[in-house]
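Below, chain A partners chain B and then partners chain C, in two separate complexes.
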Partner chain A sequence: MSYNQDMIEKYRGNFLKEVTDNVEEGDWVKMCMQCGVCSGSCPLGPHWEHPPQEIFMMIRANKREEVLESTSMWMCTSCYNCIARCPRGLPITHIMHGLATYSQRLGLAPQNQPTQKFANLFWKNLVKKGRVNELKLGLSLYFMNGFGEGIKTSLKMKDIGLNMLKTKRMSPMEYFGGHGCKDIKGLHAILKKAEELENARIGKSGS
Partner chain B sequence: MAKKSYSFYPGCSSQKAASSSNYQVSVDTMCKELDIELNEIPDWNCCSASIGYAGGGELPRLALSARNMALSEQAHGDQDIVATCAACWLATKETQERLHDDQGLLAETNQALAEAGLKLKNDKKIRHMVEVLIEDIGYQELGSHVKKPLEGLKIAGYVGCQTNRPFGIDGESFENPKYLDKMIETVGAEACDNYEKKVSCCGGALAFSEPEKSQALIKDIIESAYDNGADMIVTPCPVCQMNTEVYQDQINAKYGTKFKLPVVYYSTLLSVAYGKSAKEAALDGQIIRAKQLEDIAGK
Partner chain C sequence: MSEVIATNQTILVVGGGISGMTAALEAAECGKQVILVEKNPSIGGRVSQLYKYFPKLCHPKCGLEINLRRIKANRNLRVMTLTEVSGISGESGNYSVTLKTRPRYVNENCTACGACAEAVESEFDDEYNYGLSKRKGAYRPFNQSYPERFVLDPAIIGTADADKAKAACKYDAVDLEMGDSESTITVGAIIWATGWKPYDAGKIQPYGYDRYQNVVTSVEFERMLDPHGPTGGKILRPSDGKEAKDVAFIQCAGSRDLNHLKHCSRICCMASLKQSTYLREQYGDDAKGTIYYIDIRAIDRIDDFHQMVKDDPNITFTKSKVASITEDKATGNPVLHGVDTEGYHRYSNPHELVVLAIGMEPSVPANGFPMPVVLNEEGFVEQDEANGAFFAAGCSSDALDVNRAVQSATASALRAIQVINKVAGAEG
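And now, the complex of A and B:
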């Protein structure tokens, strides 16, 4: 059975409990008093399907799929306006990140959502060598929607790229190697162990 | 003043030929003048900033910063960790806080670190470079090194988000932090007192994935600086710097604006005011040239 099915079975209509148990900082959700301050704080506010306050309400109202399949969490710019302002001290930014992580684990995250794709590319890029290779990240980003789109985006970004090259803030050599950690084996072992421990805690086997 | 030593976390974007390599050059120049020694954390890794959450769960992300902190303890155990990138500082500081508040997570993190023979005590402060300047050096000392006051320049201090929230700089407010303005005045320039977009978000990493939505935010940040009569913007964060500088042409094409506003780092300003050359201040790293600073540096 899939992890998603497992969780549906396990929590049977108690989505708040599911979030409390499985989402980073999810135990805070029950503390929300629905004042709406956070929703007024998001820089990309108009582009959120459901702003944070609404997400918290929907969690309590058991709207499981609507929350987890939403593009909302992926609109978070990590500006921390909400955390600075929330009268109840909810770590809203982290809950948004946590919901995004969880939706992805369940296989419910919206596909073809640009930030979802970018965030995955970023993680892959950094894990590979232990440090971000900006050039490869940039290229894979521009090509993430397929080759044709990639050429179009690359052309649009060409001037920026040239400017970065001219000021030595980018180097084509990065494509062939570039920066990285020496003890990459050690880093990979740490990440593998961390993932195992976390999976054991949240009842997810394999990955 | 005696030499001050710190364990330094440079972050990916400051590496040679990376997007804020110019920041690093000016930081080195500034630190040399102020007798600040930065000891790079050996074999540091990326902290995953605020955008690692799709691929990495909570514990793997915490483990990334924990590895850096453990390496720092191992190599320079008596020194605070200093970061120049707001995102690096925040990610590391958040890790410190989370592992401090949750002993279970700390135990798990140490179990993971043990795979590479590391162990975290978590007992050294995580600080942003501007904290070092303000708290350990002080405005007075910062000012005493000025050889060429940046007179006649009007500068908008763009603090942005992550150097300001959720931790911020001690003694400053979230809504109107004054430290950048004070630094601007310390080097003899005039600060835009009523810069409305001082702590507004530029979109951060979403400038890559949601360029149009983010550029709308960036446009307001630049416009407000112009409205306040600014000759340039100064920032403490490599992401803010990059976002507000490199997209100005695209914004101009879309909105019919005529932006051409230089965006520099506080370390650039200090280096120029301290009489360093354009190269030492990394003015050659500006995509939008800071002509006025070049003139002062060339004098």
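And now, the complex of A and C:
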């Protein structure tokens, strides 16, 4: 049975409890008084499918799939306007990140949401060598939505790229392997251990 | 000034607003000796600045008049204005209190004829109208002020204006030689009724009270309705003096907010509901009121009032705490932004005038209390045995409406009387 199924079984019909137990800062969700200041203060507000205030109400109303499969919490840019203004001190930014992480863990995150896609690209790039390979990350970002669009974006950015080469801010040699941290094996061991600990904590069998 | 006579059977009431007046009168009418001190030149307090009370919509002027008559008729009560308490020591039944009195520069000869005000040229922001208008350097605080005497602003002392005021007075009432005085009295019990102050609206940064002229507070709006007030009783926009027929009321402006006042100020819902009726009264069917709220807290019998306003087709309710206000430069209209909770619709609504239903902050002395007092986390005085015979009345004890403030004041008067009776009993 999948981890998602496990969680559905465990919290049958009590999504608020599921969020409280599993989402970072999730126990704050019950404190929301539905005033709407977070949604009104969000600079990306109009682009959210469900603004934070609505997400909190949906959690209480047991709309599990609608929340976890939503693109909304991936829209958060961590500007912290909502946290600064929330009259009840809810760490809304952190809750949004927590919800995104949880939906990713359950395998419910929307696969075509750009923030979600980029987060995965960034993570894969970073863990490979222990340092971000900016050339490869940039290219993978350009080609994220297909070859044609990748070429178009690359051409558009070519002047910036050439200037970066000239001023030695970027090396084309990075494409072949690139630099890494000193003890890459050690880093991988640390990450593996961290994953084990995390899985043990959340009760998920190794992946 | 004549000597203040007080003993440990005297009750000191600090603050001459509705709570202080009530507590002082209740105790004095029970035969106790009472001294009422007020830091302003007149008693009356913030209730005297209201146009109407809720829920009956009667004018506070009548109530004030009745209280003033009771005060004038009572021989047990002594009123000291321009006076503050600077120190308290001792214990229940025997306190030594230091009073500091600032000069009025006008003595008992004053007949309130107003000749001094006419002669004086300098003008200052009128505190009674929250700075919406100017008053002269020699002035009567407001029409019903008590004592019925003028007062000179200390800023004009030593200038030509002060001499003009003195020369204009036919009754030899202007006394420029008056100075600060201090006295120490003994009292048995203290009733603290220093009330509240409106929360500083400028601190609510997204609402732009400090940037947009057409964003006003509920207390300022109340002054606009006074026929003798800064706008002659008309609801006008501060920016261009045009009639404001489309008015938005923002609830919980400063209240129920960890960034501002944590507590619910309790009066603001009813205040805005009441003020929406002013709008209808003035502009009839042309009036359009919008109340932005988290939830309307009108309890028990005052919910009838809420239902009455709700039935008015010209007053709409939007369940949303407004997130921010911007200004439409062309019209001067404040534009309210937010998301409502009934359908999660994003709105950007322009209104001609915005009234912030401002929260109540306890009015604590600038240098702290003159004796150790147990306060709650919002800064209101707790009813605690450690406070001895120091009893809070009205808005010193909690955010209260007039009705409950008077109840609280009567209760504190009774507490003080019990202390005095005990002292009297012990002394035989």
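Annotations for the structure displayed:
Just so we're on the same page, the second predicted complex is superposed on the first by the 197 of 207 C-alpha atoms of A that agree within 3 Å, B and C clash if a C-alpha of one lies under 4 Å from a C-alpha of the other, contacts with A are read in each partner's own complex, and residues count from 1 in each chain.
FYI, contacts are C-beta pairs under 8 Å (C-beta built on N, C-alpha and C of every residue); 3 or more make two chains touch, one makes a residue touch a chain.
What you are looking at is a predicted structure, and each value in this text was computed from that prediction instead of being measured.
After overlaying the two complexes on the shared chain, residue contacts for A:F122 are found with chain B alone; chain C is out of touch. By the touch criterion stated above, A:G89 is placed in contact with chain C alone, chain B being left untouched. Contact with chain B, but none with chain C, is seen for A:T101 once the two complexes are overlaid on the shared chain. In the superposed model, A:T77 lies in contact with chain B only, and not with chain C.
Of the two partner chains, chain B is the only one that A:D159 touches; chain C does not reach it. More chain A residues lie in contact with B than with the other chain of the pair chain B and chain C.
Within the superposed three-chain model, A:G40 lies in touch with chain C and out of touch with chain B [touch as defined at top].
The intersection of chain A residues touching chain B with those touching chain C, taken from the two complexes, comprises 84. Those residues of chain A whose C-beta lies close enough to touch chain C in the complex are 33-37, 39-41, 45-46, 50-51, 53-54, 84-89. Within the complex formed with chain B, the residues of chain A that make contact are 24, 43-44, 47, 75, 77-81, 83-84, 93, 97-98, 100-101, 104-105, 109, 114-120, 122-124, 126-127, 130-132, 134, 138, 141, 156, 159-160, 163-164, 166-171, 173-174, 179, 181-183, 185-187, 189-195, 197-198, 201. Within the complex formed with chain A, the residues of chain B that make contact are 12-13, 15-22, 43-46, 48-60, 62-64, 67, 108-109, 111-118, 161-162, 164-166, 174, 200-201, 203-206, 208-210, 213-214, 217, 246-247, 249-250, 284-287. Contact residues on chain C toward chain A in their complex (touch as defined above): 206, 252, 256-260, 294, 320-324, 337-341, 344, 346.
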